[in-house]
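Pasting the structures in now, so scroll down.
First chain A sits with chain B, and in the next complex the same chain sits with chain C.
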Partner chain A sequence: MAGLLLSSTEKVFIVHGVQEDFRSDGRSNIDYRPMELETDVVSHASGSARLRLANTDILVGIKTEIDTPKPDKPDMGKIEFFVDCSANATPEFEGRGGENLASSISNTMQRAYHSSQAFDLKQLCIVEGKQCWKLYVDILILECGGNLFDAVSLATKAALFNTRIPLVKALLMDGGNVDLQLSDDPYDFKFLDVGSAPLLVTLCKIGEKCVVDPSAEEESCSVISLIVGITGNSKSYCADKGASNLSDVDIKCSTISMNGPGSLAPKTLKNAIHQGIIAAKVLDDSLGQALLRERRENINSMKSSYGFLK
Partner chain B sequence: MVSHHIIILVYEFVVHNSQLAKRELKKTLEMVSHVSIKLASERVNHSVASNNDPPRFYTPGEVITGIQDFMRGHGTYAEDDCLKASVAGVMQKVNKLICIRPLKSRYVGEIGDVVVGRVLEVQQKRWKVDTNSRLDSILQLSSVNLPGGELRRRSEEDEQMMRKHLQEGDLISAEVQNVFSDGSLSLHTRSLKYGKLSQGTLIKVFPSLIKRRKNHFHNLPCAVSVIIGNNGYIWISPHKSDILMEGNKDAIENYEIQPVGKSERETMARVKNCILALVASKMMLDDTSIMFAFEESLKYDNVKELLDPEAMLDVAFLTQHRINIIAEE
Partner chain C sequence: MPLDFRRFNGPEDSVSYKIYTKDYLKTYDEQLKDLYDENGKRKDGRELNEARSMCMFCMFARTDMVSQAKGSAYVELRKTKVVCSVFDPREIPHQNEFRQLGQLYCEVKFAPFSCPRKRRPYVPDVEEKALSVALRQALEPAVCRHFFPNYQIDVLIYILEHDGSCLAAAINAAGLALANAAVPMFDIITSCSVAVIGNKMFIDPTEIEEHIAKNSTEVNHGIITMSVLSQLKQISDFTQIGSMDVECVTKVMEVLLKECEIIVPNIQRILVVDVVKNFELKKHLEAETKKREEILKKKMDEWRSLLNGQ
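The block that comes next holds the complex of A and B.
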């Protein structure tokens, strides 16, 4: 992301602020700006979500398809990410300008979801070795206001939480070939278990310290940012009353990558990863609460869609 | 008649306050969290009704009047024997002239306006400055006060030293000296109160929210200076020290990189969030409304709580209420 033009004294002010853990709008180094989330916005997709984080607007749609599993992983389904940087998002995305950014975001997401402890692909298996579900995750960047990786991972997790997988009703084994019959009833589906899906946290190094959720001005003061993918805690996504009795799962880091021309000392790297883990924990918890709240609201009544009207 | 009006206003205020009290109690019971994710169904409506009747909005293509008797002003066009609006905005009628003033537009400069701009380019005898208008504004070398303060003819050397004075990215406060025929502005900083800006934060708002006033440089009683540029760029900085007036180069440089104290930083952040709250509710910005918003926001101890949409609406509502009280007196 090309940075904003800033004067040297403005940069000095921002760096000193980060040093004192008090940014220009009063946030501390691990505070996020208020976000708005809505799921089930795209009616013809199996699952969708829209997330608005300050000036960043992300829309994620998930489609399901039946596919044959990989020969070396016969009991696991597949998941594929595609990121589209819309030219409306920012003037730099005009023409083919957004392609580099799009491919780096989709590669990072693919790496984050690669581990079986992050997202269990076994739940997508239908018939071992023959048929499995393939999820196509389409991420559309509608407006770019910085902090894309975090917003993309939050919206993806929300969309996966919202995804409905049709149930298989009949199965015909015809000498090796499998013929499936899916249920026609739109209310006959199962939800995916996405509690441990990873969230990406971008830590921007400004001066000596790292900040989470940088604004556009803060981003142009830093030379390097670290992106950590942290797995989630299933406890926050379980609506049952007995959920609080479940033990806390250990949080794991599923991917790390860096962005920018600068470099990090080993000690700063360690501190930044710890900071990212704390931020991801709080983020995961909040997202879980918001998603459960929405599911509870829509379980009985017909959902009134807000979508893009406001 | 007036007393009825006041009673109704007080009632609204009391009802709003009791809802607020419930919310405040809930807030003190929860810890101040690092992340806040709200649902679209919980979205807050930011419109703050002012005392007067809401004005009549026109959308592009809407017919204003069928009579061809009127003169067409800005924002209108004639089609099929009637006058239609070409922008979305409010109608202004002066005798026979009808114009539509758009709600969101680029800044259109007038002579004498105070603006805050960012230097984009350094050209041969001038600087190109970004002032949120359709075309970049120009700051001529002959329109600045050279360091040292002498009034002399600008020589070749001065042209080479332009970058030492103002670089790309620097922020300046200036006044519009002249408007060229194509609409671009010519700025000048020929006064001690204008010039390069040092430490602080810049906020960008819609130019239509800023009233034209006599004074745009305000030293707020909370130890923060605010420069409200007519072009929508607002600069918040700690109180200027006397060192800058002296003109000693080393002393200025040292002052510019001094870290700003924690309490001043807090006040600046609070003023910034108050301005953003007023902008979210589309209220006019001037020093009185910013001061009222600041005072109303003091009940939120933690400055970052003002980033919450509900808190922003609360501050804007109370500020509008205070402005209404003053307007009635």
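The block that comes next holds the complex of A and C.
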């Protein structure tokens, strides 16, 4: 995607490999590359996460602020996404070069999180009609190695899982004004319910087949890719032992969009959506397990933090 | 919200007067009941599965709307009114590298008075930028971009009144305008959208239906817009927002494929009328030219004979 120059022979090699379900790095069409995830890397943010997906490096920081809710949605908080393609990733992003890509990613994330079944904004309400929490999700793209949408959505979900919302200790209603008193104790907070937050899966059409998690080289061989946002399964994010008794919620598509100068046949679109759902289910489960394990280690003070050193 | 400081802007904390009307206090259920009556007819008299393009006097489209543009079109879907102008290929501004394929520069703008809920600012906001990207995504596979390498064609959409299905109307208008401008295309492009609320599908939704579908809390809710290249049977753009399960998405896709195909004969008729009109104009002009040449020849012969006679 970023200034890669492949010869036509190399492209043919990649296309033929995909037809045989055997990609250049040995993966099958529905395999993801190995990922590393660490949360709580930025101390001043309410929540943060850093994800490395092969060569793609994403850092998400979440800031919480108090705001007045919208007049037509008095019991709902707000969430806003900002994406910054840093010039570190590739020289093309210098100045305003990365603006198109950044706005496309933030629009897709905003659409994916729009539905109340994807992310319930009611949990961000403090006083109905007067005060609510506003989450600013700032996504920083440090390195581009293909498959930005997936990495961004994974890192965002991890950062939201890590976000600590301070608890309200006292509330003073003075006429129409509300005075809040938040707790000073850094350990006095609540976590957000992000089990159903959506994960984006990019399906890149190469030749006749669709591949999941394309590398940068594979992306340059394709003219069209489909991005499907699938809501998560809250069960995988619940640490209670009784969670296995929770019924499996049907997974939903919270956003679907296409990216690229090509077009798709209806049958390919249908197959790609099904393929995306299978990949998203597995991804969601593994992310849930990893995040719960990290939280357990944190509580037992066994967590060793590496930050950017590894 | 970035303000345009060259114009007068209203006070920043002014809100729409509509939040003080009785309609505003209706609960979600009351609003939903308002949408359709016991016979299953919608507020504007259509059936649930009736698109505005089909009923008499509902869809009106014409080309040659803007005389200064190379090609233009005007589409009216009852209350939704969209104008599109297409201009000649021009050099891509701020560009250094050579591109093998031509570019499409798409811009969608709402008139400040077009939306029922609030006034649109002059500076393009996030929603307009997202619509511009979606329009470009839909048009790129239809246009033969190899005929104008390293050039860009401007497709400018101005929405005069917004009553739902804006993107679909814009794509239809852009397809007509491009054909009117004699830009080589692979196929006719048509587009339609559907709003899903619970188990009801509203084809070609109005603005109120779209608003309720986006903010509903039902199990299946949302809006899908799709654009299709009819003869090639390719989907050039598919956008979904909301939360729907896969069966719902597949069902809506089938419905949209049929709806987009129904619009095609209308578009073909308008284009044929346009071409026939241009031919007749050409014939008329040629006849006029011949007449004038006759008169000129006679005069020339007269003068020649006078000169020779001298």
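Assume the second predicted complex is superposed on the first by the 304 of 310 C-alpha atoms of A that agree within 3 Å, B and C clash if a C-alpha of one lies under 4 Å from a C-alpha of the other, contacts with A are read in each partner's own complex, and residues count from 1 in each chain.
Quick note on the criterion: a contact is a pair of C-beta atoms (placed from the backbone, for glycine too) under 8 Å apart; a residue touches a chain by one contact, two chains touch by 3 or more.
Since the model is a prediction, treat every value here as computed from it, not as a measurement.
In this overlay on chain A, chain B fits alongside chain C without clashing.
Legend: residue contacts after superposition of the two complexes on their common chain; A:Asp25 is shown touching chain B, with no touch to chain C. Look at A:Lys252: by the touch rule set out above, it reaches chain C but stays clear of chain B. In the superposed model, A:Leu269 lies in contact with chain C only, and not with chain B. Once the two complexes are overlaid on the shared chain, A:Pro34 sits against chain B while remaining clear of chain C.
Legend: residue contacts after superposition of the two complexes on their common chain; A:Ala279 is shown touching chain B, with no touch to chain C.
With both structures placed on the common chain, the touch criterion links A:His16 to chain B but leaves chain C unconnected.
Closest CA pair between chain B and chain C after superposition: 13 Å apart.
Those residues of chain C whose C-beta lies close enough to touch chain A in the complex are 15, 19, 24, 101, 126, 129-130, 133-134, 137, 140-141, 145, 214-215, 217, 219-222, 224, 229, 232-246, 249-250, 253, 257. Taken together, the chain A residues at the contact with chain C in this complex read 71-73, 100, 103-104, 107, 110-111, 114-118, 226, 231, 250-266, 269-270, 273-274, 277. The part of chain A that touches chain B in the complex is made up of residues 5-10, 12-13, 16-17, 19-20, 22-28, 30-38, 50, 154, 279, 282-283, 285-287, 289-290, 293-294, 297, 304, 306-307, 310. By the touch criterion stated above, chain B contacts chain A in their complex at residues 33-41, 43, 118, 120, 167-171, 197-202, 256-257, 259-260, 262, 265-266, 268-270, 272-273, 276, 302-304, 306-309.
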